[in-house]
Each structure stands twice: as C-alpha cells, then as structure tokens.
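Structures given as structure tokens follow.
Shared between the two complexes below is subunit A, which pairs with subunit B and subunit C, respectively.
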Partner chain A sequence: MTTATQKQPPASDRHRNSTIRAVLSPWREVPFLGWLLGALAAVMLEHSVGSSLALTLGLRRIPVLFGFELMLKAPQHIPGMLVYLVLVYMLPAALVAVATRGLTNALAARLLQSPALSLAVHLVLLYGCMHFWCALSDYRYLVAQLALIAVMLTLSLNVINGYMGEFSCSHPGFMALGAYAASVLTVLLFVEDDVFGPPLLPPTLGPFLFPLALVAGGLVASLGALAVAIPSFRARGDYLGVITLAFTFVVKSLFENLEIVGGPRGFMNQPNWAGLPTVFVWAVVCVAVINNFVRSTFGKALNAVRDGETAAEAMTINTRRTKTVAFLSAAFWAGVAGGLFAHVVGYINPATFGAQKLAEVLAMVYFGGLNSVIGSIAGGLGLTLFSEMLRPLEVWKWVIIPMLLVLVMTRRPTGLIAFREFDALKLLGPRGRWEGGVQDGTAGG
Partner chain B sequence: MTYLLQHVVNALQWGSFYALIALGYSMVYSVLMLFNFAHGDIFMVGAYIGLFVSTGLLLLGTAGAVTLPNWLVLVLTIILGMALTAVVGMLVERVGYRPLRKAPRASAALTGLMIGITFQTLNLALLGAKRRSFPALIETATYQVAGVSITNTKIMIVVISLLLMLALDQFVRRTKWGMAMRAMAVDIFVVPLMGVPINTMAALTFALGSALAAVAGIFFGQAYPVLEPYMGALLGWKAFVAAILGGRGSVLGAALAGFMLGFIEIFVAVVFPSTLRDLIAYSAILLILTFRPYGLFGEPYSARLRL
Partner chain C sequence: MRMYRVLVPLLVLSLAVALGLSGCAPTEEALPIIKIGLNVELTGDIPKVGESCKRAAEMWLEDIEAAGGLEVGGKKYEVELVIEDNESKPESAAAAATKLITQDEVLAIVGPNASKVAIPAGEVCNNLECPMISPWSTNPRTTKDRPWVFRACFLDDFQGPVVARFVTEEFGFTKAAVLYDVASDYPKGLAEFFKQAWEEIHGPGSVVAFESFVTKDRDFSAQLTKIIASGAEFLFLPQYYDEVPLILKQAQELGFDKPVVGSDSWGSAELVKLAGPLCHGCFFSTHYAAAGAKGATKEFIDRYKEKYGEVPDDVAALTWDSVRIVEAAIKAVGEITGDLATDRKAVRDAMAAIKDFQGITGRMTFTEEGDPIKAAVIVRINEAGEFEFYKFVSPE
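So, the complex of A and B:
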C-alpha cells in the first residue's frame, strides 16, 4: 500500500502534488464496493434518463460504447458526448462513491468476516452494473459477452505463456476443438438439424445440460492438448512454439476437411443459450479457478519450470506432470471459451480459428501483462472494448491497433500489468483510515 | 514416370519460394534468436514493390521516354526491389526489434506479428482489396524434355534461387560480416565486446533476409501473376515453419526444409484431394519436431525464452 520506494519529486512539484493529493484523498478511501455502487448508480441513471439526456444534448441516441464510436463518425457531437459522459458516468459514479464511503467501508469490513459472502455481494453488484449497462443496447450485450470470453481465453493462455514461460500458439486450435465439440453436442442432442436429424433429447432440457456440453468441449480440447503437451517434454522454447503453431493449423485444416460439420462453409444452428448471465458465471469460475491454480504450489511450480527447468527438477518438481497439467487446464478453459463463443455468435467456421485469432489472443496476453491475472482481465476486456470502439475506422482499425501495441510493447515489454499477484480479498477490503481490522471499520462508519 | 517428373519440376519451383522466404526467417532467427513474424509480410511488400517498379519502368517505355527491353526491366526490378525491400526490412528492425533487444523474446515476436498485420491492412487500406496482376516480363517458352514440359520461367526461378542461396551461404561462411553474424549466433552478449557493431549487423541481417524475400516476391509475381494483401500470411507461416524445421544456424538447412515443404505440398496434392494439403504438411512437421526437437539440421541448443 505504501509508496515508500517512489522517487522524491522536485520541491516545486511537491506542493502541487500535495494539493492534488488533498483533493483526491476522499476518493483514495473508497473501497471496491464503493466504486461498484457508484458504477451501479451511473448505469441506473443512464437506464432511466439516458436517452432523453442524449436527445437534449443533440445526440441521436445514447453513446453505445462511451461515445467513441459516435465521436469518430460524427466529430461535431464531441462536446455533447463529453457532457454526456461527465453527467451520466463520471459525476454520479464519483459522487456516489465518495458519499457512501463511510457506509461501504464499514460494509466491506463486515463482509470480509465471511469472504465467500463478500465475494458473492461484489459479484452480484458487478453483474448488476453489466446487466443495466447492457440492457440499453443489443450491441453492448454482444460486446460484453465477447469481452468476457476474451478474458477467459487470455487468462488461460497466460498460464502457458506467462506463468510457464513457453511461447504457445495453440490457443485458436484448443478454442476450435471446444467450439466444435460443444456445438456438435448441443445441435445433435437438442436441435432439429439438416445433417444431424431430429433432436435426441427434449429441447427443454437443453439449457440445463448446456454446461455439460461446454465441459465436454473443454475436455475435448484438453485431449487435443496432449498433442502439444507430450512433445513439450523434450522440445522447449522456440521449437515448442512451432509445434503449437503447427497444431493450430492442423486443427483448422482438419475442420476444413470434415464435411459433417460443414467443412470450410462452417457450422451453424447453435442454440442461443449463452446469454450474458451464463457467460458471466463461466468467466467468474474461470478467473477463480485459474487464480487459485497459479497461486497454489502448483502455480509456483510453473514459475519454477519457467525460470530453470533443471533447477526445478532438482527441487523435486515433476516437470512433466507440471507441463501436462498446465497445457491441459489451459486447453480446457480455452475449449470452454470456444464453446461459449460458438453459442454466442451462433455460427463458427474454421477460418475463425486461424492466424488472426492467434494474433488477437497473443496481443491481449502481452498487452495486459505476463504472469498476472489482473493483467489478463484488463488485456481481454480492454482490447475487446477498444477494438469495438474503433470499429468506425473500418480497415484502418487494424493499422492503428497493431501500431499502438508495438508502441506499448517497446515501452513495457512484459505488458501493462505484469507479474502482479491478484488477491481478491485484499481488493475487496476497506480503504484509507478504515483499513486494518474490523473494529476500525465499524468505528469509522 | 513423366507425370511424376512433371511434379518434381513444379515442386522445385514451389519449394524455391518457401526456401527463399525461409532463409530470411532463418537468418534473423540464427543471428538474433528472434522470430521475425513480419517476414511473410515483407515478402508481400517485396512483391508489391516489384509490381510498382516494373509497371513504372514499363510506363516509361509507353510514355516514350526510354524503352527498355523486358529482360532489363526484370533485372532492374529485381535489383531495385531487393534494395527497397531491404530498406523496409531495416525499418522493421529499427522500429519493432531494436527497442526490444533486451526484452523477453516472445514480446519481440509479438511486435513482429503486429507489424506484419499493419503491413497487410495498410496495403488493404491504401490499395483496396482488389487483386493486382504482375506484368509478364519474360515471354514464356515451353521446352519438352523427355515428355516433361519446362517453362523458361521455372528454370530461371529455380536456378537464380539456388544461386542466391549458395551466395548467401558463401557470404555467411567466407566474409568478415558473415563471421560476425555467426559469432552473434553463438553469444550475442560477448560479441559487442569484440568490437562488432551489433546494431549494424542486426540491420544487415534483416536487410539480407528482406532482399531474398523481395526476390521470392518478384518471382512469385512472374509465376502466379496475381498479388493480394494476404499472400504473405499464406506463404509466410509455412516458410517460417520450414525455417525452424531446418534447424537453428543452418542456412542450407532452412533452404532444404523449404524445398522439402514444397515437395510435400505438391505431392500431397497429387495423391490426396488438395484440401488435405495443409493438414498433411503440418502434421508431418508436428511429427518431425516431436522426434527431432532441434530441427533437421540444428544442433541441440538449450533455447529458452528469457523472461
């Protein structure tokens, strides 16, 4: 928490910094719960008065993704957009967060006595924010679904590339395996299809058995991961990178040649069961499992294998088992993400899981930060949102995003938030003078 | 028999493209231990530079300024194309790789990938999605040798490619520059202490690889006169795999692996439906690397990602 290692600014700056610090000090005491409450207030405000405010400001409709997409299309709306952003998002969120900081700090401290309850409350609030934000537009809904899936992909790739330090290019392949396996299951069992015939089970059971289909997709991806995990015992580094790359292209080419799932034309008719709540729950489970995994002894073993395989072996780490578990679990989550992706979009084809996807996922991992759960969350959400915001630029979008990434990489080669441990309970605790024990918290409230 | 020989000729031509591109990957990989994922797109840029240079030179003729014979246009296109693409390669090194020399190598690979995407989309944005046809610079003559038809384009492509590969091999083995490159491949941290200008050498490595890619691009334009923005990604990934398959630090290994890939692809298409081409080629590579984890001609070397 303390910033003792920070460089001392020059004397002239010190005064100005201290005023800024004084103005910002109330906000430094806002716990995560407070920010969630503020965000919830902002999105609910937008829900009720958003469209009328947008009309008053001369905008045709509410700014869908924080206004960026409209600003690029119609620059004359920029002032109105900024006013909208300040009035609807920034002011309410900041004011509510600060006004309730006594209450939220006390509540956060009280909740922390039962960590599970605290997590549940925060997650419900988080979901509430997303729900109200997405309720205003179908586009937002889709973007949120895709962003959460991107988080799952990024995080699982980070297990291999960041925590284990191998350069794996096999994620699009794992994703394809999961996507096709889950889709074939749901279509075969629950949907009337031209190729697979009438449903084998009553479709009403579908939504309940859908998680099982996703898990099956993940397991198929894990099975496929054996094809790269076994070579990884001997081949390391660059050669393993090439093996994983070849794996991705083999999988893609395999599905291009499988006529039963449509070949290069693709495969559709997936039932629409992966709504935002489903995707949210899966993403949360994925983050929780992987976060616990990398913080466990097993996760530390991954780091040991990365930093010195021989040394790790000497410290009684079973490197083969470590590598296998890392590849298989990363592939499992990539497969689940692929299954969700297939059911969100409702159509998949082999070309989706090619070099373009690989570049996207790698970019999210390295942009967000290696060896960091929070970095992967930021990278997945950030790049998905950013690339959607730049959509009006059409072709130029894919000139600007890569150049920006090159810029980030040359400044911060391991990514924005790299090598950070993610401790959820610390994040959820009270802040400022309420910090440090429940007694203080109740006294402050 | 003649049927098979015909395919051998085709495979030699197809393999030359892979081999020429693979050499660029292999050079950068051997000397700097970096994946230059932008290289496939440098090949594409080289092809387009060749297209513009040759159309420009031909336009000079139609405008009445100087009428050049077609063979001279081709020679000039190759020379100018090599020079300009070498500059592009050095630029890529300067922007994407030099700032990351001490960073994790995977990060540098990612910047390369991003620069490659930038090239593709810049091309798409500036020139549009339409395919461009490369002007035919040599009149095709077909010779019948023992029932196998060989065009002069094919002979030219294969012969010049082989000559360039030999020249590169000799350059790396015989010259002082080549010696510096080989030394950098062994230990990049000690070599600067011996007075080798490491940045110049890195730029030279990129320039040489890019020049070869430009030749591949121009020849590709002569053999299959249709250029499109994603041609680099299509051939580049495979050539990259060939380069690694050849083994680190082996110029001829990369070239041989390139030809091998050409043969696999052409003959898979002969025996199986051509849609299985990628599947079988990549599966073969997966198998080879599983059993020979250091490539065909590489030495066992504990190549690790420095993180």
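So, the complex of A and C:
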C-alpha cells in the first residue's frame, strides 16, 4: 500500500497530515464498482448474521434505518448501535472495497469498453444492494420505494426550477394528474370496483400493461402542463410562479369535485404492482432520460433561457419551444412518479397534492442542489430518509429539518451539489493508478 | 500496510465494546412485552386530534402500569405503547403502520383517526395481518373488505338517519333544509346520508333545500336566502365548529328563526366560544356528552380534566374505548404465545367476537365489517353553553 502512496501526484506533499492521506489513499483508488461490491458484501453480511449480532449487542433487532430512530428513542443503545454500524456496514464495505480494488479496477476498465454493459452491471449490483437491504424489513422496502419516487419528482422539478430557472409550483398538480389518470386506468381495466364495476380486461394482464398506464398518467400530466407552458411564453419569475401555484389548486379542486373518483374522500383499490423492482427501473429510466436531456443541446438551451432570454433568442434558440419541452417533459415524469406513488400507497386523495407536497418537493430540489442531477438524487433520497429517521422526534422534526435547510442555504445558496454535470461513464471508470491505462484503452478502442 | 495499524485496533476496540455491552445487556424477561402501536396525527393539519388520542392512550397505560401489567391468562405482562407520528399524510401513515408492525412488532394498532390516513394504514394492517382499530375514522372504506381493521365510532350512514329520526320524533317536522361543504368529505357524505334517510321517512321532495358551498367560503347569504324561501322547518348543518358560528350569525341576520341541528363535528368547546348565545338551544348528534355524564364516562372525564386541564373531546373518549377494546380482546385471548402471527390472529378473532362492550361512548358490538353497532347521543347546548346529554338514539 505504501507503493500506492508514492505514486500519488506531488499535490499530496502540500498536505501536512500525510498519515491520514496514506490511510485514505487506498480508498481513493476504489472504483464505483468496488464500492458497490463492498456495499453488497455489507448488506449480505447483515442479511446472514445481522439479527444475531444485533441480539449479541443488546439491541432487540436489526437497526432499521442505520439505527437512527433507536438512538433517538433509547440513547443507552448508542454504543451498541455504533459497533453494529462499524461491524456490519463500514468495515466489511471498506475492506471488501479495498481488497478487491485491483480486480474491480481491471473489471471496470474492461467493462467500459462497452458502456451499456458497464451500466447494466453497475445497476444490477446497485439493485442487488437495495434488494438485500430491503429484504430484511417491509419498512425499509416502503421507505426505499418512497425515496425513489421522491428522486423522480425532485429531478423533474429541477428541470424547470434549476435548469430553466423558473420558479414552478405546479408539481403537485402534475403528480395528481398522473396519479389519478394511472389509478383510474388500472382500476377500470383490471380491478373489481364499486364505481367502475367489473374489470374490463383479465387482471392477469395487469402487471404487464401497468407501465402503459403509468405512461398514460405521464401524458395526461403533460397535457395539463400546457396550461402552464403557454402562459410561460409571456410571464416570467414571480408572475409565472403564481400561475403555476394556481394550477396546483385548480387540479386539487378539480379532483375534489369529481365524484366519480371519490371527490374529497379519495380514490382507492389501486392494485399493488409498484414493487421495488418496478419503482427502481422507472427511477433509473427517469434519471437516464433527464440526464441525457439536460446534457443535450436542448439542456444547454434551457440554461441559455435561464441566463438571458433575449440573448438566447438572439442566439437562434426557439425559446417557446424550449420552454414547452421543459414543462411537458418535467410534467411527464412527475405524472409517472404520481402514478407509482398511487400504486405504492394504494390510496390517493386530493388533499395529498396540496401545498405541503409542494413544500416537500421544493425543499428536496433546493437542498440537493439546483441544476444538478446528482444533487436531485441526493436531495430526494436524503430528505426522505432523514424525515423517516427523525420521525420519533414528532414536532421537533419540523424544527430540525427546516434548520438544516437554512444551514445549507446559508453555506451553499444553490444547494448541496449544485451546478454539477453528471457523467455516468466517468463515474464508472477505474481510479488511481489504473485510470491512465483506461484512457489509453479507450483511445485505442 | 499502514492502514492496518488503524483498522486492527478499531476492530479490536469495537469487538471489546460489543462483548462488554452484551455482558451488561438486560437479561431477557421470561414473559414477552405486549406492545400496542399508536399511529397518530401529531403533526400536520390536525395536531389536536393526535394529541387527544395520545393523551387518552397514555392515561390508559398509566392504569395498566398501576395494576402491575396486563393480566392475561393468570400472568401479568408488561405493556408498552409505541407512538408513531403519521404527519396526517397518507404515505406517512402507511410507513408508520409498516414500521409499527414489522419493526416495533406491536400486537395491535390503535389509530389513525382521520379517514385520509386511516384508509392507507388500514390497507397496510390488513395486508400484513395486524389488528387495527381506528377511533375516529368515519369513511366506510376504512374497514370495508378488511377483516383486520375495526373502528370505535359509528359511521356517517348511521348518523344521518339518526338525526332524521330524532328530528321527526322530537319536533314532528316534515320539511328539511341542508347546508353543507361540497369540497370536504365528511360534511358531504353526511349531508347525502341525511337527505336519503329524511326522504325515506317523509317521501321524495321533503328535503326542500339542499344547498352547498366550498371550503373556506365566508359568505352564505345566497344559500341561506334560498333556504328561508323554501319554507323549511329546520336546518341540518353538518359542518365543522369553525364554520358553524359564521353560518348561524348570517342566518340570524337574514331572519331565519327555525331550529338548527348539527352533527358530531360540532363537538368542540371552540364552538360555544365563537358562537356564544347563537348556538344555545341547538341540538347535535355525537359520540358522547361531557356535561351531565354518569358512571364510567364521568370518571374518565374527571380524570382527563385533572391530568391535562381540559375536557376530553370525542377523539379522546373514542381512543379510550379503542384501547380498552384492544385490552378486552387480549384478555379474551387468554394466552400470549409470544409468536406474533398467532397472537395477532387470536386478538383479531377476539376483537371481532366482542359482544356488548361497555364503552364510555356507548355499548358496542362489531359487525362483520368491523364497524360497531352503537347508539348515538343527542346533545343539547344549554343556556350556560355546556354540551348537555339529551337522549340516546339507538340503532334500529
């Protein structure tokens, strides 16, 4: 390992504390693949010995969300919990990641020759981690589903609020449109219901046609987004903000008065088809599509519109088209997320898609970081998990989370990881001394 | 191999701590702890509901602790109340229920109260097979086709006919007017059930005015003018306590002098504060009456008042009955095996089999849907502004 440190660039000399650097340096050479492998090892370890270890440590059961809620409820368990976290998560993950770094770097380099394959392998590993982690508890499973849906919502709102720089408040409305449209379709077609009567199609077809229902939900949301996109041609800033806010309330009011979908009493009986694999696949597709979208010429046009609409126009950017596409695609993904949400919870009512949902999504966008895909992922996952972890604090949770937001806003006014481009292939490549070889390899291939 | 210099001591240290901890960890009790989950609205738009529910449940726990535990089949079990906040959000209620069932391993769940959170939580409880009882949810769908879900309150489709029958018997009126909020689930449902029941008694067209408004409307003069012109003999007003005073005031100004009858949503001390003498003499149907209560009900009210400094509202009373139904069911099981799936099934079956449970909000027996058959209370607001018991109206 010392050889590894010697190969570090001379920049490390500037740092006084070279011991820490030396200790950390092997980990700097671990590629993403290695970390995934480490995480997988950790969750599999937890799967096999987690509960007996927890019992040995005096904990009644496996700490569900990294032990946070147990620490808050029973502080006497904090040492045991920390030991558990170190023994089950940190040590195995770190050791496996470091021990296999030669192998994983070589593998990462090899895989990169076929980016699609590389992506697929990483995603399978990532899903494997989630699968084993969630297999231990239904609660984790549900939290993971909700967190992934939150990521989709955050990311799609970031397209408008971050990349296009408009303050849009219409996301709960888009979500409601998608949720209701997808729910009505699945209930009408595949479920025996009081209002809609017997299923029109055999229910066994349901899970296969479910993606189509979600897409339909997304399209309905897109259609609704026209109501916001067209005014955005002329209105900007606060005025557009008010229009989008009005849109949310119009949609909410619409469903309150639509008796066929239950009115204010809400709509239920959605079949339980949005399992973790389904939500995961949709979230991955959403991230991939939006990431490609914002990195394309269109994405740059969005930034141009944000930074100076007149200048963008002068640069031959069709601003109207840009805005329409941004609103419609953001609404589409919000609608799909809404459809998934409805099928995860199994019940929706108009009040869910109101000001509170808006505040949540906005907080996730601004917490994670504007104009950044990775920031949105961090914001959606982070705030959902955090708000679950802090649930035992009851009212204090609503003191701590806003304080955290204030803190982030004062330190980083645009969010934690703002204005960063997300280059998946760069992330997936090898690290450290293996990095150079790959560049040669890719240059050759 | 410098990193091992750090890692090895870390590993040894953590193992040492682990062993030390396991040594001093409390030895396992011989008897399992009975855990009751409480899935309540402590934050969000109706925190008062969650607070009342939590307070009543904690008062119950005190009783159990004072008795040295819950006695089941001759053995005393320690009882623990696991409280989860559901933020009045459907998805959070589902998450809280999942957590209570899978993580905290509760035997049964009390709550949520509001229907919008009780419906998704009921779905989770039914799927994961854990008995749940909602103190306050009135939407029929909370318990419909869900054998594991119960409730302690009567439904709107019972309350509507109760009011219709009470008015017919008490005053002998034949022409009714209704004013309700079309955008809010509870008033709307109740208004429709009342209309249906009234027309069954007095024939079609006997509801001479069926007027609606939208949540947060503040001017009702158009609707009230129509109601006055319709020649109705009384007004049924299934609205919340914050809207009732406004409507009463405007009705008086427009010259409406007929009786006004309300529903259980009137049952808040705030109503009398806001409406003053305007509401004196009005009747409403509800779960229980605080003033003039007798026996166990009075005992509960006095204790609650002493402990928390306020008269318990219907959520508190219904929660009290809910936890006691759970208690009765556990006792009826007669044996705690320690195997959760078996115990939960046994508790559910015992709960479904409960006959004539004597609660402070009335005597209850569950139907097949898990809804109680119980009497409603008609309350008269007396001249001192107190909610006075007037009469029981039993189900047919």
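In this text, the second predicted complex is superposed on the first by the 420 of 445 C-alpha atoms of A that agree within 3 Å, B and C clash if a C-alpha of one lies under 4 Å from a C-alpha of the other, contacts with A are read in each partner's own complex, and residues count from 1 in each chain.
Everything that follows uses one rule, which is that a contact is a pair of C-beta atoms (placed from the backbone, for glycine too) under 8 Å apart; a residue touches a chain by one contact, two chains touch by 3 or more.
Model, not experiment: these values are computed from the prediction.
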First (subunit B), second (subunit C), both or neither touched by A:P231: first
Subunit B versus subunit C as contact partner of A:T56, first or second or both or neither: second
Which superposed partner A:E256 touches (first subunit B, second subunit C, both, neither): both
First, second, both or neither for A:V395, with subunit B first and subunit C second: both
Touching partner for A:G266 - first (subunit B), second (subunit C), both, neither: second
A:S118 touches, of subunit B and subunit C: first, second, both or neither? neither
First, second, both or neither for A:V83, with subunit B first and subunit C second: second
Which superposed partner A:A359 touches (first subunit B, second subunit C, both, neither): first
First (subunit B), second (subunit C), both or neither touched by A:T278: neither
Footprint overlap on subunit A, comparing subunit B with subunit C: 253, 256-257, 395, 398
Subunit A residues touching subunit C - in the complex, by the definition given at the top: 1-2, 19, 22-23, 26, 56-58, 61, 64, 79-80, 83, 86-87, 91, 95, 98, 137-139, 142-143, 146, 253, 256-257, 263-266, 268, 272, 341, 344-349, 351-352, 356, 388, 391-392, 394-395, 397-398
Complex contact set, residues of subunit B against subunit A: 29, 35, 95-96, 99-100, 103-111, 113-115, 117-118, 120-122, 124-125, 233, 237, 240-241, 244-245, 248, 275-276, 278-279, 282-283, 285-286, 289-290, 293-295, 302-305, 307
Contact set on subunit A toward subunit B in their complex: 161, 165-167, 227, 230-231, 234-239, 241-243, 245-247, 249-250, 252-254, 256-257, 306-307, 309, 355, 359, 362-363, 366, 370, 395-396, 398-399, 402-403, 405-406, 409-410, 413-414
Touch list for subunit C against partner subunit A, complex: 1-3, 6-7, 10-11, 14-15, 17-18, 21-22, 24-26, 42-44, 47, 84-85, 89-92, 94-96, 98-99, 101-103, 105, 115-116, 119-120, 123, 127-128, 139, 141, 182-185, 188-189
